[in-house]
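Labels run A, B, C and D following the written order; every chain starts at residue 1.
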Amino acid sequence: MLRFALLGAGRIGRMHADNLARHTGAELACVYDVAEAAARQVADKHGARVADTVDAALSGDVDAVLIASSTDTHVDLIEAAAARGKAILCEKPIDLSIERVEACREKIAGTDVPVMVGFNRRFDPTHRAVRDAAAAGEIGTIEQVVISSRDPGPPPRAYLEVCGGLFRDMMIHDFDLARFVLGEEPVEVTALGSALFDANARDLGDIDSGMVLMRTESGKLAHVNCSRRAVYGYDQRLEIHGSEGMLRSGNRRATEMDRWSKSATACREPLLDFFIERYADAYVAEIDEFLAAVSEGRAPSVGFEDGRRALLLADAALESLKTGKTVRV
Amino acid sequence: MLRFALLGAGRIGRMHADNLARHTGAELACVYDVAEAAARQVADKHGARVADTVDAALSGDVDAVLIASSTDTHVDLIEAAAARGKAILCEKPIDLSIERVEACREKIAGTDVPVMVGFNRRFDPTHRAVRDAAAAGEIGTIEQVVISSRDPGPPPRAYLEVCGGLFRDMMIHDFDLARFVLGEEPVEVTALGSALFDANARDLGDIDSGMVLMRTESGKLAHVNCSRRAVYGYDQRLEIHGSEGMLRSGNRRATEMDRWSKSATACREPLLDFFIERYADAYVAEIDEFLAAVSEGRAPSVGFEDGRRALLLADAALESLKTGKTVRV
Amino acid sequence: MLRFALLGAGRIGRMHADNLARHTGAELACVYDVAEAAARQVADKHGARVADTVDAALSGDVDAVLIASSTDTHVDLIEAAAARGKAILCEKPIDLSIERVEACREKIAGTDVPVMVGFNRRFDPTHRAVRDAAAAGEIGTIEQVVISSRDPGPPPRAYLEVCGGLFRDMMIHDFDLARFVLGEEPVEVTALGSALFDANARDLGDIDSGMVLMRTESGKLAHVNCSRRAVYGYDQRLEIHGSEGMLRSGNRRATEMDRWSKSATACREPLLDFFIERYADAYVAEIDEFLAAVSEGRAPSVGFEDGRRALLLADAALESLKTGKTVRV
Amino acid sequence: MLRFALLGAGRIGRMHADNLARHTGAELACVYDVAEAAARQVADKHGARVADTVDAALSGDVDAVLIASSTDTHVDLIEAAAARGKAILCEKPIDLSIERVEACREKIAGTDVPVMVGFNRRFDPTHRAVRDAAAAGEIGTIEQVVISSRDPGPPPRAYLEVCGGLFRDMMIHDFDLARFVLGEEPVEVTALGSALFDANARDLGDIDSGMVLMRTESGKLAHVNCSRRAVYGYDQRLEIHGSEGMLRSGNRRATEMDRWSKSATACREPLLDFFIERYADAYVAEIDEFLAAVSEGRAPSVGFEDGRRALLLADAALESLKTGKTVRV
C-alpha cells in the first residue's frame, strides 16, 4: 500500500484522487493545494488529511507524491519531494523551460527516487497495443508514424497565457508518443503552424493549428497534425507503417451504436469530449505502472528523461516555426 | 460471338441490352416486345433489328435468347426457344406456378439447350467471394446463414397484383442465395409476415414484411429477413457462420467517403437505390457465365432446376405463413 | 446505503460481489452459499460476514438480496426474501418451470418488495442506446428486430443437464431483449434448431444452434439467431428496423486497434470472450437501477413479470420446435 | 465524336486506348509509339491506324491527342499538337524541368487549344465527393488537409533513373490533390525524407519515404505522407478538417467481404494493387471531362497551369529536403 500526497486539487488532481482512492494498492493520505478549499473538498471526499504547506504534505507518513499543480510549480515540487525521498508521479510537462528542467535534473541526480512523468498516451489500451505489436515486430521495421491530435475546442485565454503554446502544452504528448512508438530519438524537426480560428492564440503569438515532421538518425519519419478544435470530439489517432504492414489506433466512443437514415448510413456518435473521458483507463493504468515500478524497485517506464526529451522536441518545433529551418535536436 | 434475341424491352431488358452491346463475346441481333415502340427504341440504340413476333425473333440468325418479358410469358418463351434450339437466359422467376414450371421442365427435357435463370445475387462480386470462401472451407463446416433483403420502397399496385407476392417475387432471390451458399437443400421452412406499411399489399392479401427460417437435412439453419421498405437504400447483406468463423457480405456504396460533424461521425452515404445499380457488376458477370457455358458446351452454373427449387421454397414459405405450420419441402 | 446479502458465491456471484463492494450506494453485508468455503472466500475478500443458512443471510441487518445461486433455488429464495420484506435482485431465469414461476408470483403477490430480474442486455450501454433511440421515435415506427446471440463455445455437460436447454438458458436473454426493444408482446413464435457440433447437446436432446421468429399483435417481426459456438468470440448484436431507418448495436472490443498486412486489412481483434467481460458495464448499471428503484420506492424497470414473459416465449419456441407449429402465446 | 491520336502505347497508353474505344463520345483514330510493334498491337485491337511518325499521327483526321509517352517527350508533343490545333490531354507530369515547362507555356500561349493534364486523383469518385462537399461548405472553413499516398512497391531502377524522384514523380499527384481540395495555393513548403528500404533509390540519391508540410497564405495547413512501399496494397487516403467537421476519402476494395476467425475479426481484403485498378473510374471520368470541355469550348478543369503549379511544389519540397529550410513558393 503506497501512501500518496496529492499536490494540486484542480480538475486533473481530483481525477487522480478518485483513481488513487479506488486503487487497492494506493491510499490518498493527504492533499495540498494553494487554494485550501479545493484541497479540503478532495480530502474530505476521500477521508484524507489537508496539508497546509508543501512541507506538511511531504511529512513522514507519505511514500509518494502525485504532482498535479500548475506547471510552473512542478520543478520545485519535484525537487522538494526528491529531497525527502518520496517517489514522484508528476503530470506533464515537467516545466516549460528546458533550462529549469535540466537544472532540476542536476539537483535530483544524487537521489534515487523513482520519477514518473504522466504521459497518458503511453497507457491508453489501444495506443499501447499498437505500439507493443510494432515493437514485437508485427509490421517488420518501422518506417513512418502519423499522429492526429485534435482537441474539441480552444482553452480559455488565461490557460493559453501560461501553457507555453501549442507545441509545449498540447503537442508535447504527441512528441512523447512518437518517441514511444518509434523506439528511436527524432533528430530533425520541422514545423508549420497558424492561428486560424482562436483570437486569443493570435493575440498571444501562439498558434491553434500546427503540423510537425520529424526524422530519426536511421531515417524513420514521423508526422503530427494538431488542432485546438474538432467539433466532432477529442480526436486521437495513431498509425505506424512498417516494412510488413500498418497498425492503427482509433478513437473509442461511448457506445458501439450506428444509425441509418434516409440521408446517412453507419453513423457513429461524436467522439468522447476530452482527455478525462478518453484517457480514463490510461490514467488508471498509469498509476498501476507507478505502483509496480516502486514496489519492484525499478525506474518507471516513462521517466524524467522522457519529459525532457519531449520538451526538447517541442522547443525544436517552435524554433523551426520561427526560423523557417529544419532544426537538429 | 453469340447472337442474342432480347425478348422484352422494359427496364431490365434495356439494361441487359446495354450489357450485351458492350460485351465483346455477344451481339444484340434483334429485339421483341409486345409494345413494338419499346422494342424499336432498344433496337435502334444498338443497331439491332426489331422482330414483330416471337417467331420472327427466334429466326435462324440468333443463337440465344435473353428473356426479360413479364413473368407470365417466361414459360411459353422458354418452350419456344428450346424447340428452336436456342440457348436460353431467362430472368427470374421461371413462373409463379410450380405446376407450369414442372410442365415446362417436362416439355424441354428432350432438348438439350443450355438454360440459365437470372439469379443475379450469385454473380455479385461480394456475395460470390463470401460463398466461394465458405465453399473452400475457410470457415470450416457451414452452420448458419443470415440474409438481409430490403428494397428501398414498395412497388406500384399494378406490379404487386401480378408479382406473386413477397415470397415468390422478392424473397425468391434469397431462397436461391441461401441454397447457393448452404450447398444443401433446405427441407423445412417456416415463415411469419405482416402488411405493416403498404396499403396495397394489405388490400391484396400480400405482406410487405416477411421473415423465414429454413433447415437442411443435415441441420444447417438459414434465416431471411425481408422488407419492401428501407429508407436508407437497397440493403442486401449475407452472413455465413461456420465451425471456424464467419464471413460477411456487405453493401457497396457509390463512394468511400465518410463525414464527421458535431452530431455524428464516420457517416457513410445512403446505399445504392436499387438492383440495377447495386447488381450492375452482377448482371455483366451473369452474361459472362452464360457465354462461357454455351461456348464450353456445359450447363450454366444456375439452371432451370435452381429456378424450380427456389419457387418450391417460396411456396413452402407461403404455405407456412397461411397454415401456421413448419412445411417440409 | 443498501446492505446486501449475496446468495450464491459462484462465478457470477463473485462478480456481483465485486460490483457491490465498489458501489458507493451498496454494501455487501453477508454471503451465503451451499459450499461454505466459496461463501467464505467472497466474504473475506470484502469484509462481509458468512451466513451459514439462508435464514441467517436474511437477518435484520440486510435490506436486499442478490440471488446468484443455481437456477433451481431461485424461486425458494425469492419467496423467502419476499416474506422477510427484502428487496430482491435475482439472476435470470426465475425458474425453468413456468408453473413454478406462476406459483411464486402468487405467493409474493401480497408483499410489495421490489423484485428485479437480472437481464443484463437491458443495461448494456449500446443495446440501451439503440433501444432508447428507437423508443424516442428516431427511426419512426418499429417494424423488424434482428438479434444475433452467439456464445464463444458450448458449456460443460453438467451445465447442459440442468440449464433447461438453449431456449430457456441462453436465448431467454434474447427473448427479453426483443420484448425490450419491440415495446410490444410477441404473440406468435416459430423455431427451428439443430445439434450440429456439441455431442452433449445431441445426447441430451438439446440443440446447440437455434433460430426463432416472433410476431407481435400489431405485426412487428423479430428474429433471433443463436449458437453455442463462435470461434471469434462472444457475439451479441442487435438491429432495429423502422419506417425511418435502422439502428444497430455492435460488439465492443478490448481496444480500437486495427491491423493491415499483406493478406488482410483493417483487421480487428477477436471479440471479448464472454458475458462477464462483455457485459461488465451492464452488470454495474443493473445494480445502479436496482438501487435507484429501491431508493425511489418504485418498481425496477425489469421485474418478475419480465422474467415470466421471457420464459413463456422460450417455452413457446421449444413447443414450436417439437411440434412443427407456430405457437400462439 | 472526338477522334484521338494516342501518343505512347505503353501500359498506361493501352489503358487509355481501352477507355477511348469504349467511350461513346470518342474514337481512337491512330496510335503512335517509338516502338512500332507496341503501337501496332494497340491499333489492331481497336481498329485504329498506326502512325509511324508524330507528324503522321497529328494529321487532319484527328481532333485531339492523348499523350501517354515517356515524360521527357511530353513538352515536344504538346508543342507539336498545339501548333496543329489539336486538343491535348497529357499524362502527368508535363516535364521534370520547370524551365522547360515554362518555356512550353510561352510557346503555346498564342494557340488556344484546350490542354488538360491527367491528374487522375481529381476524378476519383470519392476524392471528388469529399472535395465537392468541402467546397460546398459542408465542413465550414477548411483548416487542414492530410494526404496518405503509398505505392504497393518500389519501381524498377530504370524507372527511378528517369522519373525525377519521389516528389516530382509520385507526390506530384498529392501536390495537385492538396491544391484541388485546399482551394488556395500553398506558399510555404517543408519536407523530410529517407531512403529506407530501396537500394536503388539510395544509390540514385533519391528517397523512398517522404513527408511534406505546406501552408497557404491564409494559413491553411496540408500534410502528405508518402512511401514507395505498402505491402497491403495501393493506399490513397485524404482527410479534410474544417471549422465544422471532417471529411475523409477512403480506399475502395474489390469486394465488401469481411472475415471473422479465431485470430482476427472484420478483416477486409488487401487494397487494390495499383493505379490502373484503383483509379479505373477516374481515368474514364477524366476523358469525360476532356470531351465535355472540348465540346463546350471551355478550358478543362485541370490544365497546364495546374501541371506547372504542382511541379513548383515538388521542386520546393526537394529544395527544402536538400537545404533544411522551409521554402517559399
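Convention: contacts are C-beta pairs under 8 Å (C-beta built on N, C-alpha and C of every residue); 3 or more make two chains touch, one makes a residue touch a chain.
Every value quoted in this text rests on a predicted model; they were computed, and no experiment measured them.
Of the two interfaces, B-C and A-B, the higher number of touching C-beta pairs belongs to B-C. Distance between Cα centroids is largest for the pairing of chain B with A.
Chain geometry summary: the mean Cα position of chain B and that of chain C are 41 Å apart.
Our note on geometry: chain A versus chain B, Cα centroid distance of 58 Å, whole angstroms.
The set of chain B residues that touch two or more partner chains comprises 231-232, 244-246, 259-262. On chain A, the positions that touch chain D within their shared complex are 141, 143-144, 146, 148, 150, 188, 190-197, 209-215, 219-221, 223, 225, 227, 229-232, 235, 241, 243-246, 320, 324-326. Within the complex, the chain C residues that touch chain A are 22, 125-126, 129-130, 133, 138-139, 244-252, 254-262.
Residue ranges of chain A in contact with chain B, taken from their complex: 231-233, 253, 259-271.
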